[in-house]
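Naming follows writing order (A, B, C and D), and every chain is counted from residue 1.
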Amino acid sequence: MKKYVKKLCVKNVEFLREDYILLRLSDPHDTLPEMLPGQFVQIAVEGSPATFLRRPISINFVDKEKNEFDLLIHAVGDGTRALTRLQEGNTLSCIYPLGNGFRIPPIDEGKKKFLLVGGGVGTAPMLLYGQCLKAAGHEPTFLLGGRSRRDILELERFENIGRTFVTTEDAGMGEKGFVTHHSIWQTETFDSVATCGPKPMMMAVGRMARARQTECFVSLENLMACGVGACLCCVEKTVKGNVCVCTEGPVFNINDLTWE
Amino acid sequence: MKKYVKKLCVKNVEFLREDYILLRLSDPHDTLPEMLPGQFVQIAVEGSPATFLRRPISINFVDKEKNEFDLLIHAVGDGTRALTRLQEGNTLSCIYPLGNGFRIPPIDEGKKKFLLVGGGVGTAPMLLYGQCLKAAGHEPTFLLGGRSRRDILELERFENIGRTFVTTEDAGMGEKGFVTHHSIWQTETFDSVATCGPKPMMMAVGRMARARQTECFVSLENLMACGVGACLCCVEKTVKGNVCVCTEGPVFNINDLTWE
Amino acid sequence: MAQLAINIGNLSLRNPVMTASGTFGYGLEFTDFIDLNRLGAYIVKGTTLLPRQGNDYPRMAETASGMLNCVGLQNKGVDYFCKEIYPQLKDFKSHAIVNVSGSTPEDYAECAARVAELEKIPAIELNISCPNVHDGGMAFGVSCAGAASVVKAVRAAYPKTLIVKLSPNVTDISEIARAVEAEGADSVSLINTLMGMSVDIERRKSNLSIGTGGLSGPCVKPIALRMVHQVAKAVKIPVIGLGGIMNAEDAIEFIMCGATAIQVGTANFIDPAVTMKIIDGMNDWCDQHGVKNIYEIIGVI
Amino acid sequence: MAQLAINIGNLSLRNPVMTASGTFGYGLEFTDFIDLNRLGAYIVKGTTLLPRQGNDYPRMAETASGMLNCVGLQNKGVDYFCKEIYPQLKDFKSHAIVNVSGSTPEDYAECAARVAELEKIPAIELNISCPNVHDGGMAFGVSCAGAASVVKAVRAAYPKTLIVKLSPNVTDISEIARAVEAEGADSVSLINTLMGMSVDIERRKSNLSIGTGGLSGPCVKPIALRMVHQVAKAVKIPVIGLGGIMNAEDAIEFIMCGATAIQVGTANFIDPAVTMKIIDGMNDWCDQHGVKNIYEIIGVI
């Protein structure tokens, strides 16, 4: 897929929480390229002296009709904090779409049931994945985990796409515990599991899937410099040796990783 | 004089031209310290990755009643440009007041006539100097130079304090030519001359004053790192050897300098 | 249009702008963003005789105005390059230059010999300055004898243009430059990365898997400029300058300090189209300043 | 309240925070902003036997996340220091340490001997690493023999705590550290500035009067951390770390890399009260991380 480096236009900055924004971007001149779930954008952060490199952010939602797309950004450091200070009308230099997406099987192979498991800001690519699976005729089910109710973001958008289950560690919403404790694992089976979030969570989800002999794809968030396969900084150890997450991922079949 | 490092509050940002702002600052908590004409502020510039050190800016005008003061800033590079993006209510870390001021002789030594010559942003300290001279009972006269009419800034404020003459190279305002070409040099005599602006202008003014056997003070703008006499970067060669402009200046008697 | 063409050894470049090894992949990664044909030359990633897995993740840490990396020469080996990559590169109009690394002088020479057979690769850059591998790499580049031994071996095996990339992690870089010049290098390029470190105080560990890494980006530009200036005064062969170049003005600083050509490294990560802007910007700058031929300003300082 | 007190030779410091020579004047310049008594120690500006005018203006250039300076040891000589400055310093509770420079080993020794007579100056820092003077300075600091010769001469003349400040402009800094340790240095401090350059392309000249200058600030921190880590592993005497420290976290990085104490340099220009924030911040960090005594984290990496 062709990659672009473009100045995109900030259409909206919505604070979902004091440290989470939904950033809506648009290309004022061209039709947005096709973007696959799991793909990401490398953003140049301005006005943050501590931020030298671009910041990778997953594509969260695409609105083809309006020619807009969303990024869900968690302000965890200087770079992402600077992004929360963006305002409508600002421009933002973006390299995109980067990486490989989650696989969307052709519907003529049969309608499939997907469990999409997200934790924290790792829910971001799951929304678009669900959106695309549904559009292709499949059945996405979401399982979102957080410490408490306030960690569950964009709930309505998930519910608009598919059944959505929640776990919180303090039982403030949905079932109590981690995503892997949710009863859905016992009551239903899925054709495919996908997950993105903190590594321990992804590993636990991977084990659950493996125990059920279900395929499992994870989206990794390794530190990146270039995002385009040039620097070899973002590598993950796989059964085929060190491979670049930015070009051969960020989505991997968990069986290809060397996570024991 | 005691120096402070303080977060001051931006009260107003007025664009005098697309690349000149008048920045009004105030201390929200304390009474402003006494500030002498010629003294300056070291400003920490935020949000400009190219700007590492503070930027020295002369004190332009003081309004004791309102507990506010002004800086006249010419946006010439990344640091000063970032300052033009400040907005009312922002805070700005300032070290001030720094340096020695222009001398204001006690009025009981007799009322004196001063010619204050400013070029470009070098007019900034002249306004406060005139303000203080007038308050002390002396008679300041201003001579402002620029390439064209649009280089003459804050004219009304100068006129409120004393007689104000202008030269422009294109004759768009006042007399045509450089400040040293103005007829006032032929028609009047002064007890003291002070000048701030581009070095060639200050040197020319110094020669005019010397030819008239009038004392002449200049305010230098050497590159500074610390502003407080610690780094020894801002030195000027004087008859006493290298001295720090930030502590022993920025105001110097031109006779003490080694300008040929 | 100023005349920007320059020569490095027998090599004629349409302009002085090259890309730095390890920051530009095989060039192919950038064809969506730029026209490779417009580059003076592009230097592909560090290549060794045998494949290497490189160091473990994490390999990167951001620093003030720069970054550290400890990639450690991950590559699939020279044969893979010759078979799989070269055919994709050979029809571009810009010169592809291979950055050659090794563990022993023989290693280097053997790798260089294989690259010599590739008709459309007119030059190699010998990396005797990689701080991220234990064997070879910087070990050779920090002494005159070490540097000379590698260059001597390679010179015997490699008849085309030989560029030697110098390490800044030395007391006197001009001494090393003279040593490699004496062994027949056609050009020197500098600087490779400065060895640095970055600490995660929460985890009480280095941010890099092998502890240290190589520093690059604008933070090193003052050091790179100084070294280019020193070396340009010390040798007669052309000097290629790099280290922190982000724009055309930076490039011209290096040229004025004595660089005949420049390389753009880390800046490619910030803006994958930066090389085109630098070429255009250098041309504009020359036009605006009455510089008709870039040679007028090489080494004016 | 964590225990932050540390020892350097016979010297006990209430905390590991010192100020770096040449960036803090005589300390007196900062009394409007901070309480000098709270510092671990403060190192006053480079002092030589005879007065020096330093280099011509311009002496400074801003760089990416740092600055270059070529002040060149401007000072009024050691006798002026003893007569005019010392009386103003001697009643502060923090240790004042004099940074001593010279052109010959004898020079250094004579200057040190005069400072030795000042009762309230418990230590000197020997600057064998100034990149901005032609005679002496860095010339000594870049070879083991040169460094040893100065330390040997001074050690004979100076009985109190002797800190030797090392140059980063070398191939192997740990080798130099071992050489000065062998001659009886009580501690080493590192890094001094890295030699760099900055160009004004409009004027086609260096931005610095003598062409080159010393690079300092956050841009050099990765290099400084790496060198502190190397040296701390190579010597038994305590290491004082500096280079780009802007806040308490930076200071703790150096401590974890093996520094027993740290110095704050260029940061004083950005925030003249920064040292107080660093002391408070280190204390808070230790408290929050269950570190009861700073020695628990010295060199944990």
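As a convention for this text, a contact is a pair of C-beta atoms (placed from the backbone, for glycine too) under 8 Å apart; a residue touches a chain by one contact, two chains touch by 3 or more.
As the structure is a computational prediction, the values presented were derived from the model and not from experiment.
Participant: Along touching chains only, what is the step distance from chain B to chain C?
Facilitator: The fewest steps needed to get from chain B to chain C is 2.
Participant: What is the set of chains touching both chain C and chain D?
Facilitator: The common neighbours do not exist; no chain touches both.
Participant: Roughly how far is chain A from chain D, going centre to centre by Cα mean, in whole Å?
Facilitator: Taking the mean C-alpha position of each chain, the two centres sit 48 Å apart.
Participant: So how far apart, in whole Å, are chain B and chain D when each is placed at the average of its C-alpha atoms?
Facilitator: 36
Participant: On a C-alpha centroid basis, what's the spacing between chain A and chain B, in Å?
Facilitator: 55
Participant: Give the residues of chain A touching no fewer than two other chains, as numbers and ranges.
Facilitator: 49
Participant: Mark out which residues of chain C touch at least two other chains, giving numbers and ranges.
Facilitator: In chain C, 63-66, 217 touch at least two other chains.
Participant: Using the contact definition from the top, classify how the chains connect: line, ring, star, complete or other.
Facilitator: ring
Participant: Which pairs of chains touch each other in this structure?
Facilitator: Between chains, contact exists in these pairs: A-B, A-C, B-D, C-D.
Participant: With touch defined as at the start, can you tell me which chain A residues reach chain B in the complex?
Facilitator: Chain A residues touching chain B: 47-49.
Participant: Report the residues of chain D in contact with chain C in the complex, numbered from low to high.
Facilitator: 63-66, 68, 142-143, 169-172, 194-199, 201, 204-206, 211-213, 215, 217-223, 225-226, 229, 244, 249, 252-253, 256-257, 285, 297, 300-301
Participant: In the complex, go through chain D and note every residue touching chain B.
Facilitator: Residue list for chain D touching chain B: 22-25, 29-30, 32-33, 45, 53-54, 56-67, 69, 71, 74, 217, 266, 268-273.
Participant: Mind pulling up the chain A residues that touch chain C in the complex?
Facilitator: 2-5, 44, 50-54, 93, 95, 222-237, 241-242, 247
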